[in-house]
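Report on the structure given below.
For clarity, chains are labelled A, B, C, D and E in written order, and residue numbers in each chain start from 1.
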Amino acid sequence: GKKESGSNEFMIGGLGPLSGSAASYGVSVKQGAEIAIKKINDEGGVKVGDETVKLNLNFVDDEASPEVAVSAYNTVMDGGAQAILGAVTSDAHMAITDRTNEDGILTITPSASIAGATAYPNIFRLCFTDPVQGETMAKYAVETLGHKKIAVIYNNSDPYSTGVKDAFNAEVAKLGGEIVANEAFEKGAVDFSTQLTKIKGSGAEIIFAPIYYTEASYIATQASELNVGLPFIGTDGWDGILAQVVDAKVLEGSVFLSPFVATDENPAVQSFVKAYKEEYNAVPDQFAADGYDVVYVIKAALEEAGSVKSEDLIAAMTKIKVDGLTGSVSFDENGEPNKGTKFVKIENGEYVTMTVK
Amino acid sequence: MAMLTINNLEVYYGVIQAIKGISFEVNEGEVIALIGANGAGKTTILHTITGLISPKAGSVEFEGHDLTKMPAHNIVSLGMAHVPEGRRIFQELSVFENLKLGAYTRKDKNEISETLEKVYLRFPRLKERKNQIAGTLSGGEQQMLAMGRALMSHPKIILMDEPSMGLSPLFVSEIFDIIKEISDNGTTVLLVEQNAKKALSIADRAYVLETGKIVLEGDAEEMMNNDSVKKAYLGE
Amino acid sequence: MGSILEQLINGLRSGSIYALIALGYTMVYGIAKMINFAHGDIIMVGAYALYVLIALLKVPVMAAVFLTIIICSVLGIIIEKVAYKPLRKAPALSVLITAIGVSFFLQSLALLIFKPNPIAFKSIINVNSIRIGDITISGVSLVTFIITFICMVSLTYFINKTKTGAAMKAVSEDKAAAELMGINVNRTISITFAIGSGLAAVAGILFVCQYQSIQPTLGALPGIKAFVAAVLGGIGSIPGAMIGGLVLGLIESISKAYISSQLSDAIVFGVLVVVLLVKPSGLLGKNRIEKV
Amino acid sequence: MSLLEVKNLGISFGGLRAVDDVNLSIEEGQLYGLIGPNGAGKTTVFNLLTGVYQPTTGTIKINGKNIVGKTPSEICQAGIARTFQNIRLFKKMTVLDNVKAAFHNEVQYNLATSFFRLPNYFKLEKEMDEKAMEILKVFDLDGEANYLANNLPYGKQRKLEIARALATNPKLLLLDEPAAGMNPNETAELMDTIRLVRDRYHITILLIEHDMKLVTGICEKILVLNFGTELASGTPEVVLNNPEVITAYLGE
Amino acid sequence: MKKDKKVTNNNSIFTLKNLIYLICVIAGYFVLTYLAEGDLLSRQSKSLIIPMGINIILAVSLSLTVGFLGELSLGHAGFMAIGGYTGALITLHMNLPKGIEFTIALIAGGIMAAIFGFLIGLPVLRLKGDYLAIVTLAFGEIIRSVLTSLKFTGGAQGLTKIPRYSNYTWVYIVMVLTVVLISNFVKSRHGRAIISVRENYIAAESIGIKVSKYKVMAFVIAAFFAGVAGVFYGHNLSILKPGDFDYNKSIEILVIVVLGGMGNIKGSIIAAVALTILPEMLRSVDEFRTLLYAVVLIAAMLFRSSGFKTKLEESGKLPKFMKSNKNNAK
């Protein structure tokens, strides 16, 4: 998109993978954000001080690569970006952080969960950090479910996966549990039978899989073939997994953390899902909801600041509270979100939201 | 009519013209010798006849077929075999496999094994070494294999590019005897040779090539007594 | 011990897929003397073709399998004609780069058409798994292993015993000389690519039956692993490809199970290096002294 | 003491005894011929002498020093250079560079000089150019110095191979069928060149050849091999009139 | 015709040609400064200047192994990773002034990569062709896998907050140095030895060239420069992670070298520039980008070897750097 009529438009620069193996995340974020922007603009735009501005999105492919992200960032800056939505993936995000800081531009990542992603004052994130997810799930496994022996399977080449795993393992130890199998795999792996056989023989009572749904679906299917017979718990990467398995039975009873489920009764969620389906002929996932929420966070910041200047927007960030699709969220001065955790359980082949104390 | 007619042939390598308008003919049953210095274009002519190079102008006609319009692999089935320069045997295959490939275009199994026996009779060394990997044969042995392989297709005409290169004196004489014998059995021969003396001694007619042109042609015997040929190619 | 046996079976399971892919690799390499980097992506095309035929067009299973193989074979022939044939006289590396280009092309095309999200696909092989005590061998694994073995044997027979096979060997060494034997070089190379790609299709079919999920990048990693397997077994050797694939699968499984799942890639590649240092032309590769 | 002293040399390939119990002794400055039927093992002897193959039996001494077990490059440094039956030039290098590459051990400068073009680089490269041109002139190749070796006609490629071998400053030069593919006039010219090389560079030459004109014309001594073993040896007159040599090799 | 031709004109370093080169290099720097500091280019284009330089260093160094030695190397990214990590660890843990710290990092990165180049070069003694290629690929993957599992390299997360020391001046200087040094090298006795090994190793041995030594040497030198490029890479992105150095990265560099013409340093430079810009130029076509990239790649390879190029060459319309060197006979 191009700038239309000067100052009555607010340009958001989006960065995420639109091609390559991580493309689905970037595409979802982009589409979710587009839904939000369309909705906001249709409702008349954003009131900034005395003016109303319309939002615009220039979303550029970063291939989830740090190298490409840098030039993608510069591309959106050339396009006159006034705030940054992104980057979607952790590596790409880390490559642009200090550049955004030099430019002093408001940057909100929907999904870069790596520790240290918000190290600069201009950067905020919507999602949970990896360590928080790890700790939350450790507490859930040990305290809520009461398991002592836990197996972990994680993606060794993925910072997200290893980040969650490290925090999880540390927390489990602290809580008196034991990691009886700590199994890794590499990017692109499709065969997990060796790791699962090992886990099967390890005496574990539950399997923690802090990974994305693609691999999680392979793992669940193969675990059932190998009669591993243990329940899974996962992280927000699991969102969307039901569409990935032939037989939902292999996932029965699995629990994962997710800020968003498309089957949520919440009317805001349902109207989003409907709009998304109409526009893209697909069911939105967590990333789409994240993209949507970030746009609303920017909207709130604009309204709060009453200005489109970056420093005003950044200052406004810690004062706002947004009721988003992924929950109600506010931000602390470190740029981290405060929001409730949501657990999702798979029951009878459906996602069911649970509340956990 | 001649069996093989070459008319006004012109061949280029990029911008370099290697053959500059050559015409000649080969009649059935003849042995024709092509002689000329290094780089005169002898090999190029043979390659053009068997379709490995396409000419810029001119025609090659074999028993009424226009060879310039025919892919190389179809030419063999018309009854033409080529013993190429540098032997070009299949180095990684065994002697036997090489010979079998020579008969690729033939169907009748019995006829093929008959020919094979004939080839073995002519080149006993090949029979001895039939399972050796061809690339490890000595230079001369490889030359025999190249010849034997060409004979396997039971050709009407055989083109030979320096068949005596690298052979021992005894075997050079033998090779020329074999060529004579092939010809006596009714196969037409087009022979390119550095060893002009031997070539002329068995040829019926000969053409002398100089930098892409025919400069002399005629009866082989007359040619041997031609002073300029003697000086330039017979080393006398 | 049960678990060792189980792990060996796990190794054979992924190994026989590698082996099947490696067969196609080695076959094309042996004849066309080029590393066909797009081979892995033809597997992916095979997987999507099968999906489209069965899930979208509702073609009966056997017909779909047959059509998938045909589609991939034709694709192989087209790729060769368009992207490789013009480079016959160019240095080998140029062809390698176009092959990489073709690989990118197929992947991005699949991404455009089918989108990045994986598609779940139900196995079309309904063979019951075998259970021996504690150990289960899945039906798909069994079928894969048997088909790989059959492919290996028939390919070996084809290359060594048939006339076309002989022509292929001749073409692989010297195209001009092969032409002089009356061999249609272009046709022979087309056949090579058709068979190689047909094998990739079979691999694609078995792959999706095994793992029940299809995505545009599905061929990339197995492709590389199979290439490694082909080299391990001695590139150009057909039984070598099979052995290389199985050995690779076993090493992977054993190292993940008993050494370190973090370092398994390093270990696998380390073993490969060691094997090649001891046997520089792979397990079954021919190591001939060059005649000087 | 002779320059080259070969005793009981032998090698087998599988079941084939390609070279069997060959003895050879060449004096300095000699022009020695090695002949024999196709497949007799002549090229194999060259390969054994230059370390391409390792002998199964026997010793090879140059100037009294044993060279069995040494690598081809070490043997080259010990003073044996060769040409190949099937030409092995550096085809995509210029004629001049083919020869300069052969100065590798003769004219040396270190890596830093290569990278930074220190003064020595220019001095020694110039020296090499001059020496190379000198050798090329002997073979009438100076006019083609900047051609790619690949573009030379066959006969000149053969000469370039000799020139390259000569550039390593050998004591003993091995030539494998240097006249193959040449017509009688070219062969005659080559004979003059070989004699000239021997006299000008004071080296010893051992050559394989099937062209009897060349062999009788320049060789002082001849060894005839048959089935890997010695059939006859001595002066050309003696050897070439040996009835066994005539039946096995010469014919007529 | 066969006159006593003057064969070489490089009798000293002070030649007209070298003077012109020097002027070009200095002028190049000023142009670069103008482009990088001025308003002529967009931010996006400016941000490509450093990657371009890095790619040139990578391509020119890889062309030593692939183009001049003639061995296919699929592990160049591994050396880059070694250099990048070494350099980053140095600047992250040392507290010296920027200039000194970065110089140390560049040299140490290069040396460390060269040491690994030596280790990887050793199997070269026994292997040839595709077998060697697969071993280089294996080493690249081993390096990546080990980096992923080590604690002090940050595992999969890698190293972050690496100071952004790479700027166009540094990269330009080192790039020019790399090109000059490697160009010098290939035209020296060592370079000739390496090329002769490529052309015919049996003949090379027969004239006293130690084939193994020169193969290893080519690997070590190429690795050194790749390591230096890796240091720049890390200090440009401020983040390094093992995943970025898989075989795809190696292949990316290889594509540049082959497209530029094997053993053609100028070609490598031009291809490096072109292939850095190309994906960015294709940005406007969004999701068709990778598809078009593939098409351009295939088309470029086909074009390179089509008769079309030769015809242009013959008509004298092709710029000199694009001419193939097979016709330099006359």
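In the analysis below, a contact is a pair of C-beta atoms (placed from the backbone, for glycine too) under 8 Å apart; a residue touches a chain by one contact, two chains touch by 3 or more.
If you're wondering where the values come from, they're calculated on a predicted model, not measured in any experiment.
K.L.:
Going by the average position of its CA atoms, which chain sits the greatest distance from chain E?
P.N.:
So the chain farthest away from chain E turns out to be B.
K.L.:
What's the farthest chain from chain D if centres are computed as the mean of the Cα atoms?
P.N.:
It is A.
K.L.:
More contacting C-beta pairs: A-C or C-D?
P.N.:
Ranking C-D and A-C by C-beta contacts puts A-C first.
K.L.:
Nearest whole angstrom, what separates the Cα centre of chain D from the Cα centre of chain E?
P.N.:
Computed value for the inter-centroid distance: 40 Å.
K.L.:
On a C-alpha centroid basis, what's the spacing between chain B and chain C, in Å?
P.N.:
Between these chains, centre-to-centre, one finds 43 Å.
K.L.:
Quick check: how many Å separate the C-alpha centres of chain B and chain D?
P.N.:
Distance between chain centres, rounded to whole Å: 31 Å.
K.L.:
What whole-Å value do you get for the distance between chain A and chain B if each is reduced to the mean of its CA atoms?
P.N.:
Chain centroid spacing, chain A to chain B, equals 75 Å.
K.L.:
Among all residues of chain A, which ones touch two or more of the remaining chains?
P.N.:
Residues 19, 156, 186 of chain A touch two or more partner chains.
K.L.:
For chain B, give me the residues that contact two or more of the other chains.
P.N.:
Only 136-137 qualify.
K.L.:
Quick check: what residues of chain D touch more than one other chain, meaning two or more?
P.N.:
43, 52, 84
K.L.:
Going by the contact rule set out above, which residues of chain C touch chain D in the complex?
P.N.:
The touching residues are 289, 292.
K.L.:
Please output the residues of chain C touching chain E within their complex, sorted ascending.
P.N.:
For this pair, the touching residues of chain C are 29, 35, 83, 86-87, 89-91, 93-94, 96-98, 100-105, 107-109, 111-112, 224, 227-228, 231, 235, 260, 262-266, 269-270, 272-273, 276-277, 280-282, 290, 292.
K.L.:
Once bound in the complex, which stretches of chain D touch chain E?
P.N.:
50, 52, 71-73, 76-77, 81-82, 84, 88-93, 96-97, 100-105, 107-109, 111, 113-117, 121-122, 124-126, 128-129, 133, 140, 142-143, 145-148, 150-151, 164-165, 167-168
K.L.:
Provide the residue numbers of chain D that touch chain C in the complex, in ascending order.
P.N.:
Touching chain C: residues 43, 47, 52-53, 84 of chain D.
K.L.:
For the complex, which residues does chain E have touching chain A?
P.N.:
42-44, 46-48, 51, 145, 148-149, 155-158, 160-161, 164, 233, 236-239, 241-244, 279-280, 283, 286-287, 289-290
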